[in-house]
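Shared between the two complexes below is chain A, which pairs with chain B and chain C, respectively.
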Partner chain A sequence: MTAVNTTVEAKSAPTRSWRRWAQRHGWTVGIWMLLVFLVVWYSTLIPRFGGFQFSTIINGGTAWIFLAAAQAVVVIAGGLDLGVGGLLVLTSATAAQFMDGQPLAVAVVMAVVILIGSAILNGIVGWVVAVSKVPDIVVTLGSLYIYQGLALMMLPKVGGGSSDGFRWLFTGSATGIGTNPWPAVVMITVPIAVAAWWMGRTPSGLSLYAVGSDETAAFLSGVNAVRTKIVSYAVAGAFVAIAGFSTLAIAGVGNATTEGGTLTLNSVAAVVLGGVVLTGGAGSLVAVVPAALILFFFNPILSALGVNPNQAQVIQGVLLVFVMAIAGLIELRRRRRS
Partner chain B sequence: MTLPTAHQSLLSTEGIAKSYGSIVALRSVDISVASGEIHALLGANGAGKSTLVKILSGVFDSDAGSMTISGSAVNLKGPGDATDAGIATVFQDPALIPDLSLDQNLTISGLRHSDVAPWLERMQLAELDFGLLVRDIPLATLRLVDLARALAHDPQLLMLDEITAALTPEQTDRVFDVMREWKRMNRSVLFISHRLGEVLKICDVATILRNGRDVAHLDLTGVDEAELVTSMLGAELARESMSISRDAAPVQGAVTDTDNDVVLRVTDLQYRDKINGVSFELRRGEILGVTALEGQGQSELFSLLSGDHRPTSGEIEISGERLSARSPYDAIRKGLVLVPGNRHEALLPQRSIRENLATPLYNRIGRWFSLVGDESERVDSVVTRLDIDTRAASQVGRLSGGNQQKVTLGRWLVSDFEVLLCFDPTRGIDIQTKAQIYELLREIAAEGAAVLMYSSELREIPLVCDRVLVMYGGSIVHEQDAGTATEEVLLTAAHGLKSAQA
Partner chain C sequence: MSESPSTAPPVDATDEPRPAKPSIARQLSARPQIVLIAVLVGLIVVTAIIEPNYLSLAGLRNSAFFAVPIGVLAAGQTILMLTGGIDLSIAMIATASAYVAANQSPNGAVIAIAVGLLVGLAAGTANGIGVGVLRVNPLIMTIAMSGILLGLFTGWATTIFAGSTRMHDFIITLGRGTFFDGNVPWSVVVWIGVSILVLLLLRRTGYGRNLYAVGDNAIAARLSGMRSWQVLVVAYGISGLLGAVAGLLMGGRIGAVDLQLAGFLLLPSVAAAVIGGTSIFGGVGTYTGTILGALILGVVQSMLTFLGAGQAVQQVLYGTIVVGLSWMYMRLAAAQ
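Right, the complex of A and B next:
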């Protein structure tokens, strides 16, 4: 009886569930609101805001979103993948090598093959992390270099290309520049929604949270921790492949000299901003999506404000830490109160 | 020594052995659990009970030995295999994921709410909100949910490792009901508890482990606690432990009534709706006991005193000075130190015993680089004084629970303090170590410090304390001299009922 009293507080059920919803999803709502605010603000800063500007943001943000989602899946399962940036370069270079000038059907088959290959490759990295007991930071730092090197072997010089139909899928235009954001919106929404549902509702998806939250308890609950870690890295690999395709679709040519390390760090920043706990076990892809877009969006906003690009980076860094400090304070207050 | 042979053997092992590196946990264990019996697994801390449970439930692989279930040999590769073989376990450590809701935890185990609902109803937890995150649910409730989850697998053998340690007496009774029902269905229960009274009340037979071997198999009918203790500890240690009493403890410090001796004065303390006007005084040389059922404000009281939370209103005075602690750091500087209920909150599990003991000294300016002179000696003398088993000295996390608890106590002996706050310092600890801790607390008091000790085990109150306070619903409802405090009186008060005496 005493135990029941301590869990069920004397508040009416709807109030309780609403408060709980707000508590659990407050960060997600807040980050979406911040994104909307930034878009509205941006639209007042530039002379004209229409379909072109909108699709530029969505199209350019696609790679950021999938890279951040990849990182989020690994971090939620208690890991960290520094290799994602390198894998993006590798997958886009591979796609550029094999898709150039192909009809859409062939390009799509290629994409599926590359996506599966990327998942397997990164799954192997996950296996090494899970079995070797070498810290994930070390293993994935290694995989970053390996991916980057493989990309250069695949595509030594800037070149290759994508197919027109494939470019339309990610940019709404065969040239990569257009005013139609909807294909990209669908390409983002469907995979993210499926993954978010899987992670929140199914035993295998919830296992990611379980292993990230308390590996011992997860094991005692019958969760296979090694398999779960491998799965988290493999799913990340698949997401990174999509990010790679999007990058290629926008640029139109493959470029294996892109710095993967910087891309990785962006993904970590987006994951943090998206409210995913770096120690694992908590967070949601639904909040990582706007976080990635916001980070992508910093530069256009600052340039619209007329900020010197050199100062822009400093401001970006200060803002990131500032936002996270505010979040930390909110969390601290919440804990004090409960 | 022989087991009743009327029943068929459900689970039996032969020569199970397990080592962690150089530390041998199990040397050779033969145990046989028959169908339709409640089987106690007994032994002091470090005897190997938890290791055996983890091997029987597939968590660890054994190094040697064999295991048969219903006559056929099995080789469990993981907890999932054990469930499939008809063994479900409630482990000593919670096996629920803190960051997920109860519903999501069930999903992970492949269960639906309807699978556990009837069992939760039996535990009177039918109204439990399954959308709550596990981290926001009290430990006692989680233990029962863990049990319901194990029962939902409909096991032939139910293994319960220290499930009652965190439960209230009524909750314990409900667990016993379930165990009896399992027995009626001709299934079995393997029950581990440090509370021998419980064991004698519910169990049919017992296997006793000592130093990683099964040293005795007993039929428990007609056995009393003294005989059990003898078997568990071996003859000579048992005499020692049975003789823990006020007489054996060092002479208590002279408790006088002068106001000067009051070292801690708490006046009308309030904290949200958890603590409603608590006042008491604690004198030098005194051990003041606090007892209560689960969740009556005792943990909040200790966290206020240790500076972890700030009271809504009311005053805490230490040595005549008002305590206005913003964090435990401030409380510690005033000499108010805490041994928390959960040892893991206090220890640095990967560091050595010496480092753990020396942590309170690290904050002193000038000690940043090394311990100087006498401090190193103080650490050494505490290790000796506490009789800490130093086989795993390089990593506190590898010590047994009892030795870990000694380290959490010992670190305050290394530094100085006015008032020692101990929250259930003997939970889940074997008798022998308990006795050592009682003696240590009495010594601390005799040396002039004051001790405030919460205990969930009513029997230890008269053994250790001078006075006792009973809390109920956030208030102190009963106070008396601890020497005359019987279990009945304390239990009545703890349930918020007026006893004849009070």
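Right, the complex of A and C next:
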């Protein structure tokens, strides 16, 4: 760097750093502000907004957040996992089969086993993606089928259940309905914060971004691309397991006939809304969490406005395209200007 | 670009100069379609071992019934993959078209089919505008379209379409009727017609060249004066239309429609194109390969049915086999 350059930089430093900051974090801040705005708006739409409503949103949003986080980890590392919805059904069906009526300690041990199993299973999918060079869309559409089939084998009929203590962990009450949102808030914050720290501050986490933005460059600078891909899918598997536990905790019974495909679509939508670039290498869990909550939050808001769930789904789809088109336009203008 | 359709023959693996004494492995990898045919024959033999009655016209007809909708949908996927896109809404478009066709069935077969096809064309064109004009990522655009259609039709199924889920007899004949003593399904004839049109489109028209050009190098295509967005809008429109054709055939085969009509065909439609050698990144692929891919998946489906396993086991096996076949193809392509 020459002396001339340094002086120029020093002169325009305040504006430039502000612009850089806005460019880097603008989307995250915007999404959080949108979420806050929606919550405030919602509280004026319904007659009473208290602990019950708040915990309903947080509890119901937990599965969406973890599913979106799972998708985000994979997409940041340059992949795509259409199987997450199926894996959610599989993990919640498995949990329903083994946790029914168990004391909390046993349920937690079960949960850890299922979580590790889910991570290994999806890690295998990641291995296939990385080694076979088959497009990730094809491999994970295949894993979606496989997971749904396995879920049906695990739990042929709607049934099973969760343990009371475990339900409290995710919903703040043993019945799944309550006014205490804090257990769910903790269950969301701790894993997400750990993962966000891992991805942003540790070499193994940062290698996800490296592989996602340019696999060859990452390989040449000594990153094990295959291992990184496997790790990204495995971490996604672990997140999906948490989403599965939350789904079971709220429903109280397992249901292996749930359409995993729709859940997957939600996760992709949340990731995109959260500012993660689908081609990989950029994005943050910190923005994906509010994006997933916003998507989940659409339904209560629209139903408060008197819109039925089917119409809500239509509006959601149109909004998604709209947001993407505008984001694309902004990106295009920025590139033209520079 | 568009005035040189037939002067340049389609780039084929066989055109490449081969070494003087090619090994068998290398020869095979230079002609992946021979391998696909070998796989197809191998699968038919395995199926015949599981169920000896399979090796008859009636048995093969069973596979044809499975392969036809996959082949028609995969034609749409092939066209889009050539441009570097994909249509994850194609199964939902098929279902939607079948729904509308069933609703219009009391008005006669012509109107039912026309309106059904129109629905597919409209939904596909909307996808095309999203991808081509608004520059939304194809995955997002078609995922959103799938959600929009699902929302619309879930609502309409119990309101304006309530009670009208039966297909017109003519569409049912197309879907599950046969001729020549019940040995050749009419749906196969429809598929052959679609195949000829798609093959001609890709190999003999300027538009077909444009599809390859957009997918191979979008910037070069633009610099040579091509309007990519027009190519894309038409491509997605065609894909939607093919989705509608498959939807009508599926609806005709079942006889009635519901919201789960074609959903399970999404993976096979993508997989048939990939197994057949179409690159998901654009510019590379033929419909001939896709046809072989669809036939292979049809035989796999028959095999799973004869195994007598439950739906869950079938799903697991099917997913595994699809990924396995794609993997095998990728290894062959890499060897080349």
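Quick note on the criterion: the second predicted complex is superposed on the first by the 312 of 338 C-alpha atoms of A that agree within 3 Å, B and C clash if a C-alpha of one lies under 4 Å from a C-alpha of the other, contacts with A are read in each partner's own complex, and residues count from 1 in each chain.
FYI, a residue touches a chain if its C-beta (ideal position, glycine included) is under 8 Å from a C-beta of that chain, and two chains touch if they have at least 3 such contacts.
Here the structure is a predicted model, which is why all the values come from computation and not from measurement.
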Winner by number of chain A residues touched, once chain B and chain C are compared: C
Contacts of A:308 with chain B and chain C, given as first, second, both or neither: second
Contacts of A:257 with chain B and chain C, given as first, second, both or neither: neither
Touched partner set for A:143, first chain B, second chain C, both or neither: second
Touched partner set for A:132, first chain B, second chain C, both or neither: second
Touched partner set for A:328, first chain B, second chain C, both or neither: second
Contacts of A:189 with chain B and chain C, given as first, second, both or neither: neither
Which of chain B and chain C A:281 touches, first, second, both or neither: first
Touching partner for A:179 - first (chain B), second (chain C), both, neither: neither
Chain A residues contacted in one complex by chain B, in the other by chain C: none
Contact footprint of chain C on chain A as seen in their complex: 80, 128, 132-135, 137-139, 141-146, 148-153, 156, 259, 261-262, 265, 268-269, 272, 278, 308, 310-314, 316-318, 320-321, 324-325, 328-329, 332
Parts of chain C lying in touch with chain A, wherever the complex brings them together: 86, 130, 134-137, 139-141, 143-148, 150-152, 154-155, 263, 266-267, 270-271, 274, 280-281, 310-320, 322-323, 326-327, 330-331, 334
Residue numbers on chain B that touch chain A, as the complex places them: 59, 78-80, 83, 91, 93-100, 104-105, 107-110, 124-125, 127-129, 131-132, 136-138, 140-141, 144, 168, 170-171, 293-296, 309
Chain A residues touching chain B - in the complex, by the definition given at the top: 1-8, 16-17, 20, 200-203, 206-207, 209-210, 212-214, 216-224, 281-282, 336, 338
